[in-house]
Amino acid sequence: MSASGPFQDKPKIRADALSVARGGRVLFESLSFAAEPGAYIEIRGGNGAGKTTLLRTLAGYLKPRGGQIVFENAEEPSLALHFVGHQNGLKPTLSVASHLRYWAGLFGGAINAGVAAEKLGLSALLERAARTLSQGQARRLSLSRLVLAPRPIWLLDEPAAALDANGKAMLATIIDAHRAEGGLVLAAVHEPLGPTPSQTLTVGV
Amino acid sequence: MSALVATFRRDLALMWGGGGGALAPLGFFLGATMLVPLAMGPERNLLAAAGPPLVWIAAALAVLATLERLFQADLEDGSLDHMLLSPEPLELIVLAKGAALWVAVGLPLALASAPAAIALQAPPELVPAIVLSLLLGMAAFIGIGLVGAAVTAGVKRGGVLIALIVLPFFAPPIIFGSAVAGGEHVGAALSVLAGFALAALALGPIAAAAALRLQAE
Amino acid sequence: MLTYLANPARFMAFSAWAAPIFLVAALALLAIGAPWGLFYSPADYQQGETVRIMYLHVPTAWWSMGIYAFMGAASFVGLVWRHALADVAARAAAPIGATFAAVCLITGSLWGAPTWGTWWEWDGRLTSMLALFVIYLGYIALWSAIEDEEKAARLAAILCLVGLVNLPIIKFSVDWWSTLHQPASIMRAGGSSIDPSMMGPLFAMAGGFLCLFAALLMMNMRAAVFRRRVEAARLRGADA
């Protein structure tokens, strides 16, 4: 797999009659969808409807209460996906560059820290400690993992949170490029991110 | 650079860099050691008998104080989510974090035990054995501590809880470590200590990783 | 039997009549064993009348260890098969085991006063029991510190199993330490030199405490199941 070439193995995700619960409380039931390579699925629903829970279930952090999730062409799903949650996973005292270095090691695979920094507009911030970044800059640093270590499936939980117009444009650009390479993106959103969704899922009962 | 090296380097940078987090346990250790003669009186024979084992207690408490945030910070800031997506198993990532803690905190504490033991009137010929025993003992404490830190990662202000959970399991290394510090059966006690440290480092990360997978839910 | 009771509905039906029966059996056995041990069994030729405290000390020592082993088994089942009733059982057993350990420690201390001339002796067995008591406290504290019950159950189960692996190691270390520091071996109740006439009351008391554990366990578990039902009903009510 390389950042420039399309994903050879073209993974797909299918969910059959999925139901999830949080703290003993059922959030939604019998959700089914299929995500093909190149898909961009927007997940919608009010606060507490279960958008985050759905994404965390797809990522494998949570077990579904019922139904099943099938990954095709991905032997080990946890190595085929990226998860961008509400928390950015940053350490205040470490620099932007050392975060990129750490993630490069942690995720393995073909890595281009320089390209990732450039695409998310971080090139001028490399030596800055994470605590000095603005909310939007911190979010862009977190999103840079997507470009840094190419993985076909992106699970994004409100990825545009705290991003300015410029940052949103960068996000839209990397999503479009990812789809063009055969990757697939599922994003929980309140506002449209820009790219035309191939499907919109509404969760909640 | 593999995931384990990356984890080790990052944790080391977090503990040694910036806030100077690794200096605090060292200061705690020296402060606690200083209180011993103040409580017991400076009488040499009394100190020589009780001092070296108290070095062990002070070191155990110093490393205990570093455990609370070990996984809690990763759970709160989302880093744990990332670790679960690494090609390396979480057990080994946990072990790498433990190794960083040993280098950043355990190693300096073991080295600082030399002057502390001398100040507490330990026989000078015993000092190398005391340092060696603490090098092993720190590995044992950290192996056990990983489990305590992992099961309490989601508990706010869980410092006292970790202490309560972990302290009874500190009994074996304390027993054999203090035997070394007291100059009794040094060889046998050191080998038991080494065995215990190995077992703790082998099994601790497995239990800790199982707990952390639950914490990520 | 255990698989049969693993179904919560069947457990509730069974425990509804079994818990009172075990409670009655416990009270009967203790009512027989206590006077038998305290008044109708011989005094020890060395320890005199104080040996009688062993009828309380030894059964609680046995069962506080037995209850921890039970919790370990329940934790394993809860962790591997994600069985809710096993989680409930482990949690319900902990305060009973801790109480038994506390009774064992207190009676050991009371026995020590006339025998050793001190209220606390760092004897190997008492020290191991103290470690077990602290492990019980840590387990209970972890349970109550975590709000999400399901998560608490699994994390506590991991801790319980770690404790189960460690207990023999702690016991071994403490025994080694104990021989190092006090070579004189003190004859203890529960040793091999126990008089046959002491066996009857000892086993009656041990049986009584076991039945008491079974009864209290089922009562605790029933309370926990009822609490979960109320909680579930409340959640459904909030949704509607």
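A, B and C label the chains in the order they appear, each numbered from 1.
One rule holds for everything that comes next: a residue touches a chain if its C-beta (ideal position, glycine included) is under 8 Å from a C-beta of that chain, and two chains touch if they have at least 3 such contacts.
Since the model is a prediction, treat every value here as computed from it, not as a measurement.
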Requested in this report: Taking all protein C-alpha atoms shown, work out their mean, then name the chain whose own C-alpha mean is nearest to it.
Outcome: B
Query raised in the report: From the centre of chain A, which chain's CA centre is farthest?
Result: C
**Report entry** Which of B-C and A-C has more C-beta contact pairs
**Finding:** B-C
Query - Distance from the mean Cα position of chain B to that of chain A, given in whole angstrom - result: 37
Query raised in the report: Using mean CA coordinates as chain centres, what's the chain A-chain C distance in Å?
Result: 49
Query raised in the report: Once you find the CA centre of chain B and the CA centre of chain C, what distance in Å lies between them?
Result: 31
Report task. Could you check chain B for residues that touch two or more other chains and list them? Result -> 217
Query raised in the report: Where on chain C does chain B make contact in their complex?
Result: 131-132, 134-135, 137-138, 141-142, 145-146, 151, 154-156, 158-159, 161-163, 165-166, 169-170, 172-174, 176-177, 180
Report summary line: In their shared complex, chain A is touched by residues of chain C numbered 148-150, 231-232, 235, 238-239
Query raised in the report: Which positions of chain B touch chain A when the two form their complex?
Result: 1-3, 5-7, 9-10, 13-14, 17-19, 73, 76-79, 81-87, 216-217
Query raised in the report: Across the complex, what residues on chain A touch chain B?
Result: 59-63, 78-79, 81-83, 85-94, 98, 101-108, 129, 145
Report task. Would you pull the chain B residues touching chain C in the complex into a rising list? Result -> 147, 151-152, 154-155, 158, 161, 164-169, 171-172, 175-176, 179, 184-185, 196, 203, 207, 210-211, 214-215, 217
